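One structure is given below, encoded as structure tokens.
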Amino acid sequence: MVPQDFHGVFSRGMAWDRAGAMDLVVDTLAVARGGLTVLEGVSFTLAPGQALVLRGPNGVGKTTLLRTLAGLQPAVSGTISVPPESLTYAAHADGLKAVLTVEENLQFWAAIHGVGGVADAMAQMNLSDLRARRAANLSAGQKRRLGLARLLVTGRAIWVLDEPTVSLDAASVALFAGVVRAHLAGGGMVLIATHIDLGLDEAQVLDLTPFKARVAALSDGFDEAFA
Amino acid sequence: MVPQDFHGVFSRGMAWDRAGAMDLVVDTLAVARGGLTVLEGVSFTLAPGQALVLRGPNGVGKTTLLRTLAGLQPAVSGTISVPPESLTYAAHADGLKAVLTVEENLQFWAAIHGVGGVADAMAQMNLSDLRARRAANLSAGQKRRLGLARLLVTGRAIWVLDEPTVSLDAASVALFAGVVRAHLAGGGMVLIATHIDLGLDEAQVLDLTPFKARVAALSDGFDEAFA
Amino acid sequence: MMALLLRDLRLAFRAGGGFGLGLAFFLLVAVLVPLGVGPEPATLAKIAPGILWVGALLACLLSLDRIFALDFEDGSLDLLATSPIPLEGVVAVKAFAHWLVTGLPLTVAAPVLGVLLNLAGQGYLWLVVSLAAGTPALSVIGAFGAALTVGVKRGGLLVSLLVLPLYVPTLIFGAEVVKRGATGAEVQVPLLLLAGITAGAVAFLPFAAAAALRVNLR
Amino acid sequence: MMALLLRDLRLAFRAGGGFGLGLAFFLLVAVLVPLGVGPEPATLAKIAPGILWVGALLACLLSLDRIFALDFEDGSLDLLATSPIPLEGVVAVKAFAHWLVTGLPLTVAAPVLGVLLNLAGQGYLWLVVSLAAGTPALSVIGAFGAALTVGVKRGGLLVSLLVLPLYVPTLIFGAEVVKRGATGAEVQVPLLLLAGITAGAVAFLPFAAAAALRVNLR
Amino acid sequence: MSVWEYANPKRFMQVSRRVLPLVVGLTVVSLVTGLVWGFFFTPDDFRQGSTVKIIFLHVPTAMMAINAWVMMLVASLIWLIRRHHVSALAAKAAAPVGLTFTLIALLTGAFWGQPMWGTWWAWDPRLTAFLILALFYLGYIALWQAVEDPDTAADLTAVLCMVGSVFAVLSRYAVKFWNQGLHQDSTILKVGEKDPIDVAYYVPLVVCIVGFVLLFVALVLMRTRTEIRARRLSALLARERLA
Amino acid sequence: MIPDLGRYAVAVLSSYGATLALVAAVIALTLWQGRRVKRQLAEVEARQGKAKTDG
């Protein structure tokens, strides 16, 4: 951890190079979880219109990497260069409010990001029929669709998605792949960690297994414990 | 709702026929969620050594059906016949305690069910290396494996599983399929709701789409509001 | 059942498990009240029995939502409901664990806080006795309230609203024992009534709580 | 930001959102204390200002865990942190929503509860004034405490422990205003100090709270 | 035909529609008569002065506040045992009415207490127990509101009502034991005993009691009808979404 | 018109006032909720082409 910017305590502590092109550039990045480096030396570039699928066995560090890219945790080393305010993150937790309706949930995120298009987003994710249903009364897959519809109302170009198709049936997975393609066609970028095949043949695939961090043999001395 | 047994308020209100063979027999079952019947006329029989995969699009009522079979909610009509205390349920929520280690979590469920085999269960689900890790520090897939290992320490014959392979990587899915096969070979029964292919070719498949409840045309009168 | 009790205790003692927090809250009430009311010893001595009991009651109250809510959220309660243990037993064990983690430490620590509130000489013994007799009722009644609201997200305040009126008789008799004890009067009647409430609550409420849990799991 | 405020208020007013529960808790404290302490009007009048302030403070305290915890659990907080709104703004808006839902109703309802505690004649006005001046500080300080503990499951009691010491100055000056008001004495000094605490807390604590949130999201 | 037929929602709607105008009419007549008589045409008491006029509000509402809880208890038991939705909804419908009566009795009692006892409020056993009853009403209503699924809410509130009743009675004994009170004991029902209440007050008081009983019945009927309609509405909407 | 209430006028009048206000409030609430639900039900029934039920 670089002693910079109060380590993300008093401001968003990313080692982001905010100036730069429209690309997402990741350079020899190392990320840590629970004080242990899990991945190191990760580098890739994502240009507008490109998608990248991250693969790797359970526990390799996909979630950790995505959270770091989203600026939610600091990187151990390496740099991430991303255009300012252009990235949105979707994790396992959808950020849905059970007592608000489908439409109200989307409207809130649209208002936060200052964009519209709620009706369009619902139509794209096949939620129009459920618009007045409270999120509490959706099935697992319907909730997931709503969580993904949120991406469409953020107006952000880079989508960082952690296992987005969990509990979706085959039809919904295809629907989602269509939405991703449309986003790419509009110049967006998508980064997806997933274990299943999304049918996005145009996407590049990055297997994270080779980047697994060697467990540094703790020698004598205490310094290593405070990496 | 049949006025029987205080409707599950003062005792487990299942219309279970507790006496019976070792089979799980479901006969013209109808299940409801939020006061609406979602599936009706579901019938099947599961004999020892058999597996049944439930399929159906998002929201068709798989979770509702499984919860009813597990005795967690009353059936609308129809009967479920299941040998007493022979069924265990695994839902999306794993019932793991974040502050307990992998081993402690399993030991607790083993003690509750009065059986042993914790070490064996960990070995089967490839958790032995993580035995002393607290559940909070597992990745999504590792947590899921731990949740599934719990099945092995219940000693119950009938496993009722709701999307068990969510967040598992391909290797873990295969591992899990192996565990299921071993359970079947030992005379167990498995009922799985899932959207993905588990590679369990010997399992029967039941698509729930045809059992979707017709929307009962509400005529005049208020009685229908209280189905 | 033993396994459940041990697990609940273990969870309470692990980081973030909340052991000692009830005690700390009790301490804070005993400190805050003199700050709000003012330091005159005579006034404090007069209100000490009541405030100590109200403090114990609030400390119990605040830890109630841990009894079932965590297990409900992570799905353990579903699994316990399909386990061989009857749900009534689950409720009883969890209420007992709650008492061990909250009521018992409060009882033991109460005399120390009595000093802060200038409790009169003989009151200390009766404070301990009344808390020992009354706090089990608080845990069981609280478990019932927690079972009613387990489906409600962050139902902490709702639980308070439901449970506090149920706590009234326990509070009145408990404080009365201490008040009489502090002035050297006869304590037998309120103490017996207090014990009676505890016995009744322990005997019947687990069934009502299990019923409420079943409804909420549905 | 307006959207966030509206959403928080809407969530509070929807079923299970907890509006009115703070009020109910305040009422309960005002009822329980006399039940514990005993009914003598003179004693009650003496402790009324302190107890009313302690009650308002506890009512605020108990609703604190709703400020961030729900948003943390369902992932909204992660999403808000990556949204265009600065986290400081999120904290300020959420603290304000908390005050609207808790502090404001408490202030309005306090005189009625003053009757139950036999508060003296002129105390009523100053009770309202002091609560109006002091409860915003309670909400902001509380938001800071909630931000610190947002990662802790069911951290209700832990929050209480962290926040209560921070509440002490507000409590002392608030209760002092009412006490002096009730006896017809000069209230200016404690009232100014109270207002000063509120102003300071509102100006600085959102930054500290946002910092705490960032650490917890990491 | 058994009485349970009336617990059928459709049947209840039909019958209540016919009965309601009658009940409303009687309510208006008796309440207006009783209150006008009580307010304008009763003499001042030699000790209490004009404050006796408060009796026509205080006593009927205090009685109905308690009776409403008893009615909710009975309705809850019927729901738990026989599973009649109407009875669960009637209990739900009665709670806000009961709470209103409780508040009226508290307020009128306070206004009466100020001149009579020299204080708005005293921690007298009866008053205290009554305040606790108000808290039970609040908790009951809050629980109905907090739980989403209607059948779940009905079950939970029914269990709460049962347990709450036991504790309400217990509280009453507790506070009695705790302090001897200012408030008088029952007198009106002891006609013919040594110190009966004057006929000049007794007759209008009885009219007022009848009026408030009818008001309670009318409001509960109306509210139950609304609850039944609301259930049908949500059922129709749910089906619409499924279709 | 109003009888002479003597020195207790405030107590008596505020009692009657408070009672009437609270009673009016429950009645208003009841009627308002009743009308609203009835109207919504009628709308939905009309939309779904159901025979208008009333009971």
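A few comments on the model shown:
Letters A, B, C, D, E and F mark the chains as written, and numbering starts fresh at 1 in each.
Just so it is clear, a contact is a pair of C-beta atoms (placed from the backbone, for glycine too) under 8 Å apart; a residue touches a chain by one contact, two chains touch by 3 or more.
Since we're looking at a predicted model, the values are computed, not measured.
Contact with both subunit B and subunit D is made by A, C, E.
Counting only chains that touch, the fewest steps needed to get from subunit D to subunit F is 2. Distance from the centre of subunit E peaks at A, each centre being the average of the chain's Cα atoms. Two copies of one chain, subunit C and subunit D, form a contact in which over half of the residue numbers belong to both partners. A count of contacting C-beta pairs for C-E and for B-E identifies C-E as the more extensively joined pair.
Taking each chain's centre as the mean of its C-alpha atoms, subunit C lies 24 Å from subunit D. Measuring from the averaged C-alpha position of subunit A to that of subunit D gives a distance of 36 Å.
For this pair, subunit E with subunit F, the centres built from the Cα atoms lie 16 Å apart. With each centre defined as the average position of its C-alpha atoms, the distance from subunit C to subunit F rounds to 42 Å. Counting partner chains per residue, subunit B shows two or more touched chains at residues 9, 34, 92, 218, 221-222.
The multi-chain contact residues of subunit C, meaning those touching 2 or more other chains, are 16, 152-153, 155, 158, 161, 164-165, 168, 172, 211, 215, 218.
Each of the following residues of subunit E touches two or more other chains: 10, 13, 132, 135, 138, 142, 146-149, 155, 159, 175, 178, 228-229, 232, 236. Residues 2-4, 7, 10-11, 14-17, 71, 73-76, 78-85, 87, 207, 211, 214-215, 217-218 of subunit D are the ones touching subunit A in the complex. For subunit D in complex with subunit C, the residues that touch the partner chain are 16, 18, 21-22, 24-25, 28-29, 32-33, 35-38, 43, 46-47, 49-51, 53-54, 57-58, 62-63, 65-66, 69-70, 152-158, 160-161, 164-165, 167-168, 171-172, 175, 179. Subunit E meets subunit B in the complex at residues 8-10, 13, 80-83, 85, 149-151, 155, 159, 228-229, 231-232, 234-236, 238-239, 242-243. Subunit B meets subunit A in the complex at residues 34, 56-59, 63, 92, 137-142, 144-145, 163, 166-172, 195-196. Looking at the complex, you find that subunit B touches subunit C at residues 8-13, 70-74, 85, 87-89, 91-97, 99-100, 104, 107-109, 111-114, 150, 154.
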